[in-house]
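So that you can tell them apart, the chains are marked A, B, C and D in the order they are listed, and the count of residues begins at 1 in each.
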Amino acid sequence: MKKLWQKDEKDSSKLVEDYCFSDGVALDNNLVNHDVYGSIAHTCALAKLKIITNLELEKLVKCLKEIIDLNKKGKFIVTGGDEDVHTKVEKYLTEKLGDLGKKIHTARSRNDQIAVDMRLYTKEELLNIAVLINKLTDTYLHFAEKYEFIPMPGYTHMQKAMPSSIGMWIGSFVESLMDDSKMLQTTYELNDQCPLGAGAAYGLSLPIDRELTAGLLGFSKVLNNSLYAILSRAKSHTVVMQSLVQVMLTLSRFAQDMLLFTTSEFNFFKVDSQLCTGSSIMPQKKNLDIMEFLRAKTHVVIGYEQMVNSISAGLPSGYNADFSETKGPLMKSIGIVKESLKVVDLLINSIKPNIEILSNSMTKELYATHAAYELVKKGIPFREAYVKIGTSLDELPQYNSQEILKMSTHTGGTGNLGLKKIQKDFSKQENYWLKEKKKYMSVINKLIA
Amino acid sequence: MKKLWQKDEKDSSKLVEDYCFSDGVALDNNLVNHDVYGSIAHTCALAKLKIITNLELEKLVKCLKEIIDLNKKGKFIVTGGDEDVHTKVEKYLTEKLGDLGKKIHTARSRNDQIAVDMRLYTKEELLNIAVLINKLTDTYLHFAEKYEFIPMPGYTHMQKAMPSSIGMWIGSFVESLMDDSKMLQTTYELNDQCPLGAGAAYGLSLPIDRELTAGLLGFSKVLNNSLYAILSRAKSHTVVMQSLVQVMLTLSRFAQDMLLFTTSEFNFFKVDSQLCTGSSIMPQKKNLDIMEFLRAKTHVVIGYEQMVNSISAGLPSGYNADFSETKGPLMKSIGIVKESLKVVDLLINSIKPNIEILSNSMTKELYATHAAYELVKKGIPFREAYVKIGTSLDELPQYNSQEILKMSTHTGGTGNLGLKKIQKDFSKQENYWLKEKKKYMSVINKLIA
Amino acid sequence: MKKLWQKDEKDSSKLVEDYCFSDGVALDNNLVNHDVYGSIAHTCALAKLKIITNLELEKLVKCLKEIIDLNKKGKFIVTGGDEDVHTKVEKYLTEKLGDLGKKIHTARSRNDQIAVDMRLYTKEELLNIAVLINKLTDTYLHFAEKYEFIPMPGYTHMQKAMPSSIGMWIGSFVESLMDDSKMLQTTYELNDQCPLGAGAAYGLSLPIDRELTAGLLGFSKVLNNSLYAILSRAKSHTVVMQSLVQVMLTLSRFAQDMLLFTTSEFNFFKVDSQLCTGSSIMPQKKNLDIMEFLRAKTHVVIGYEQMVNSISAGLPSGYNADFSETKGPLMKSIGIVKESLKVVDLLINSIKPNIEILSNSMTKELYATHAAYELVKKGIPFREAYVKIGTSLDELPQYNSQEILKMSTHTGGTGNLGLKKIQKDFSKQENYWLKEKKKYMSVINKLIA
Amino acid sequence: MKKLWQKDEKDSSKLVEDYCFSDGVALDNNLVNHDVYGSIAHTCALAKLKIITNLELEKLVKCLKEIIDLNKKGKFIVTGGDEDVHTKVEKYLTEKLGDLGKKIHTARSRNDQIAVDMRLYTKEELLNIAVLINKLTDTYLHFAEKYEFIPMPGYTHMQKAMPSSIGMWIGSFVESLMDDSKMLQTTYELNDQCPLGAGAAYGLSLPIDRELTAGLLGFSKVLNNSLYAILSRAKSHTVVMQSLVQVMLTLSRFAQDMLLFTTSEFNFFKVDSQLCTGSSIMPQKKNLDIMEFLRAKTHVVIGYEQMVNSISAGLPSGYNADFSETKGPLMKSIGIVKESLKVVDLLINSIKPNIEILSNSMTKELYATHAAYELVKKGIPFREAYVKIGTSLDELPQYNSQEILKMSTHTGGTGNLGLKKIQKDFSKQENYWLKEKKKYMSVINKLIA
């Protein structure tokens, strides 16, 4: 199929085409709407430049909106020969509108076009991820409140250490996700800059109104320097990847905990068998595959991040085709993070603590530190108390676990987890994202109204 | 040497000690001051708990300040047998103050101690890095202003693309560093939470005042959940590593550009020979090794980030010794980033554009897009103009490069780089960091006054 | 859809299914034939165990061969609900043969089944890659012979260093690929062990004849320890990935060289425009995208290797679902390596040196070391000769490049590249792979005859 | 300090020196002997070229041997100002022998010098690692033999799966290390090629006898193409790194197993308390830190490998200073692997199975598959037997674990682990490495006799 940049009919090699475009083409189907959004905004700028008339503007916009409809119906599929979504869209316009379609690429390059598509796509997906983080945070928070004082052993080095509680354990995930959300917010803000109008990387000799297009698309600012607007493409993906890794790190800890706590040796939690998978050979097996996949997928996302980092490193200034190879890792990672957040939410909603087993697990050695502190209160220097207890562990009394948990009243202790205060902070976080989502949707709805 | 946790005289294996502690011990020498800061704050909390008297408090603090003096003189070196800086400090106190020294570890674990040390160390180093980023941004900005309209070819795919300028080229690094600074700011804020008082990971059965210690150390908040306070150690390092990678990505692009632009084939810049190295065999060589090292060190920092990510992933909740292995990658990366920022600053201050060569490089094909736009202005649809120019490249006229550069007046174009506006935004950034640095230093000075 | 391991009709969650199986299912379509090969061998072992009769054996084998036919016609597609290729195959047999189909999974687990599938698949693909390496090595070798004494500047630190030749430059890729082939051979041998019969990981309480199945499938040995047979799955992938990375490293150097040598500033080679791509905005552009993609895809394969390494690290003994996540990175990397080898072969066959430009690039400073050696021959200590030449570079004479190239007669010098000897060694390498490929194909043909 | 390549007294910038050389200098102290070996061989080649007389040869060799003596006594330390070990050695010779010292760098570059140093260093260390692998394999093998039929539960997905034994569990490590040894052997052979004489990368216009030097240094062949000889430096490191990763992957699985099996919940093994570390706060703790460090250090080595891969990727042909940054990751990884092999050996020699606990862990569900096979033997199709057992797990009888273990008589089953045969294969492996080590040592001893 003839490419935008072909001046004659000689075909480029099939092998070359496959090597460069075949992966990207499949991924470009995620970008159809965003390419249309960008094109509508660009068309408005062309009208302002008088490159096209208002009537032509109307025709182009109408035709572009058709693509959104077709896409919704699954009838606008970018395929192998299309090279990319931009070419497909331009061809559609040319087929429908003739010479007018040939005007749309004035003052635009596929370089700024893909940059704006990716930033719109990323914006939308970061909002989706934020909503899922909020949902899971909320689920964790309720679980922590429900079982706040159910005792469970606290481990260090995988060995029994000190008394802990489900409240403290699950509360640690709540706070971890809230830190992740803060990082995501900065990522969101750094992403929220409009590269459209930067052309191939060096701007244009036409006075295109970049503030206009940025505003129509709902970006909070124009991404100024044309060169930076284009080459930040890969770099802006690394920023996103890093905030995705943060979420996966939080969840992977939960995965490892669940795998450990649901062994028959620990057996701290009951899991709904619908969330387990079986074995083809062993009739008795109930495996928590989802948590093993989560553990593995964390390394997948870390690996994707490293790919994007390494691809970006050491490239010379200007647009480089290498950038294209960062699209896949980003899109796949976004998919993994969304699914992982949902899977954990599903799991949390299905587990029940085995309260008696947890209670029986609160063995004496967990209280050794507490016993040492009792000696300290009697005036013995801590290091001596420590040795005294450490050399007479057999004599440790059996404490009441609930009492001990409630006795730890300092900020963030088992008796003072501050779940109410966290709930308040969390509401602020929720509102931030809801507001951003609403803002984005209203801009887009207006654009394609 | 006897360890804090040894209850008898039996020595642990030398091999075990080396395997676990030898790397860490060397790195711990970067933490002596921070360990003292944390210990002073902790001692105040012990006094408030009445574990020690006010007189004892005074003695302990005095003794702790001695360590800072010794450290300044290079006389407080943590070595192999010490296990770690915390043990070394406790031993010093016990040697000097007897039983009183044995009290200091009450209501504290090395787990929250290293966590607070690392967060103080990181805070300080992030401030140092921010200052260096500001310095380099300023240098770039002046270079961009000085040579704003010196033409240079703009490349895409390493091929000549469109007219560019030194202003646009260098301006792209200014804006890149400013985005990096924003990421660094979030990293700084996420780091700025105090884990002290979380104990081994599960809090304490003593009502220690965590707000007091956080305040004395200048943290903006208490890191609430005790478990999260401890296990976020590795995760908080991953956040820092990611913002360091961002800086290296910006600089590695500059490295590759410099290596390319100083080949004899390009020859766009003259470099001071003091910044070059020679060959042991070839008498004529002047190599820009520093930019090759920068290119390589970028992958080193990316690799370190990946290490810290992977080490952190899939660990169960609680303190894990694995965390220790994240200290080296973090500290080494911080060192590399600081040196790299300085090296680039030095280089920028020493290069001079070869203006005539740059001018001669502005060959005709760079203006092909401009020529197509001239046809567009005459009413020819862009795609047709594109083909027309593309099939008659030999007929392109020679344009005046300066004129063309200035004609690109849209936001972020070569004729409208907005350097003045950027200067203003940059001042805000500079002020943020200066204020934070001042705040931190005044808190520390008060603490050890 | 009901799974092999479901004992009742209750469906597992759709989300769980998608999370665990959706990626894998698509990839499993690459394994249909291998699953059938393994199943035929396994069926023979069941007959020997008298679990099935010879007549039943015949029926099962006939039915399994049907699957190969269906697969050839694209009519045996593993899809979402199937869970995996093994389930799909077992279901097909059960549908066709009733109770007999239900017998095939005796003495087998999907764990040893996927292990043997992957080792067969890998064997086949390593043979394919070896053939492509051989082809490219041959192409390079001819290119090196053809242009053996065409001078080109030799660079170090991207600066002109000493006289070199196309023979030396291309010869370096020949020898690099030959080292890669040696590594591939070890990978091939380590892969060539049969895990079938290891069951879920702990063997079986049935005396299955593992030598029989290994022999039928053409493996050179049984992978002994049952546990190792299963858990080496991920580890054996890491070995393969590493040898793929080696090939990509060789090719990525070629990519960077080509990108540099085809800039208009170097312009050492002419490239057929059919291998170039254009720009949507700049009418004049001819970009060597394929080499940029090769450069980027090298980091993709490195990233995939790191993923597989990290996923494998730190897993406990036994089968872990994490292993599944290594299938994608392996298969995708194999695809990239095969395509990359083809693309480079295509490119080499299309480039022509710009002999005059190369000749003009042989500027005087390239001979500085040679000039120093001339002084050495007159008895001046090298370090003094070096300084003398280094401080009077302007006085260097212009040497005849061809003469100088031929004067370097030591082993591996430009005048003694040993291409004939290399040709001989390469023939041995070629024969090894041809023999292995023939052996494998004859075994498989016999199995499915 | 003046550098080899400085022609005047003007100092290069301190910052530049630190940035480029400070890391490398410290590491170069590992290379003093190897640099001397290479220099002796090179000197012999110079004599053959008549660049120096036989008398001069004698003087130079004598002086070079002095360096080995000094190094043994810790009196030949490469420090900051020296730039590198090569410069330090050349300076020593010049100080001692005047003009004669200035001759040694004839027909040599630091590029081929570091290449040969690194290959000699690597050869030596691979031999050291092979010896440690052999030692650990032997230890594992004895442990497997000693406890061959002690039952332990076999896990998949971290859930109880089927009966296993210590013999099978430990046997899996034996076979894993034996595969690793095969990979190491190829690495060793690929490394065993001599780059000396390749000069800066483009050979020399002097007919240096590369076969002579390769022979004197005990290399099995000359690394032919001069350019490949130099630029394979980084690539040859990636090959080594990959074989190191293989060893760490094997050991990291052991680490995770040990951490799990020594939790109080599993409690399968007793560990000597000298191999455990304690807590500063909790008197009762005995932590198996060494296995946590091993788990983390595995990711460190994986990260280092990825660093070396990424640094190497996409560099243009010729020597690049980037190569220097691969030295640290290689040397540090070698150190980690050696220590890790020793630590695991120490641990294995100190653990004892808790036989009663292991026995009690052999709960009924482990035999579900066996029970299904009993139905199969009665003629019930496996899939039906599977469902029957799966829906009546409560009725499973209690089997005798030893009997069941011994009943699994197929190759690699618990009753037929083939430890005797493995012992034989292992002896061959041991002999290979012993022979190679002896060969290397005899060459070196002759060289410096």
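Heads up, the rule we're going with is that contacts are C-beta pairs under 8 Å (C-beta built on N, C-alpha and C of every residue); 3 or more make two chains touch, one makes a residue touch a chain.
All values reported here derive from a predicted model rather than from experimental measurement.
S.K.: Starting at chain A, how many touch steps does it take at minimum to reach chain C?
M.R.: So the least number of steps between the two chains is 1.
S.K.: Could you tell me which pair, B-D or B-C, is linked by more C-beta pairs in contact?
M.R.: Answer by contact count: B-D.
S.K.: From the centre of chain D, which chain's CA centre is farthest?
M.R.: It is A.
S.K.: Between chain B and chain C, what is the separation of their C-alpha centroids in Å?
M.R.: 37
S.K.: Approximately how many whole Å separate the CA-defined centres of chain C and chain D?
M.R.: 24
S.K.: Can you give the whole-Å distance between the Cα centres of chain B and chain D?
M.R.: Inter-chain centre distance comes to 32 Å.
S.K.: Hunt down the residues of chain C that sit against at least two other chains at once, touch-wise.
M.R.: Answer for chain C, listing residues that touch two or more other chains: 4, 7, 105, 111, 156-158, 161-162, 199-200, 260, 278-279, 281-283, 285, 287, 289, 292, 295, 299, 302, 306, 310, 313-314, 320-321, 369, 386-387, 390.
S.K.: For chain B, which residues are in contact with chain C within the complex?
M.R.: Residues of chain B touching chain C: 156-162, 259-260, 262-266, 278-279, 281-289, 292, 306, 310, 313-314, 361, 363, 365, 368-369, 371-372, 386-387, 389-390, 393.
S.K.: Looking at the complex, which residues from chain D come into contact with chain C?
M.R.: Its residues touching chain C are 4, 7-8, 51, 90, 94, 99-100, 102-107, 111, 154-158, 161-164, 168-169, 171-172, 174-176, 179, 182-183, 185-186, 189-190, 197-211, 222-229, 231-232, 235, 238-239, 242, 245-246, 248-250, 252-253, 255-257, 260, 295, 298-299, 302, 305-306, 309-310, 312-321, 369-370, 373, 376, 381-384, 386-387, 390-391, 404, 407-414, 417-418, 422.
S.K.: Along chain A, where are the residues that touch chain C in the complex?
M.R.: Residue positions touching the partner: 3-7, 10-13, 15-16, 18-20, 86-87, 105, 108-111, 199-200, 273-283, 285, 287, 289-290, 292-293, 295-297, 299-300, 302-304, 306-307, 310-311, 320-325, 329, 339-340, 342-343, 346.
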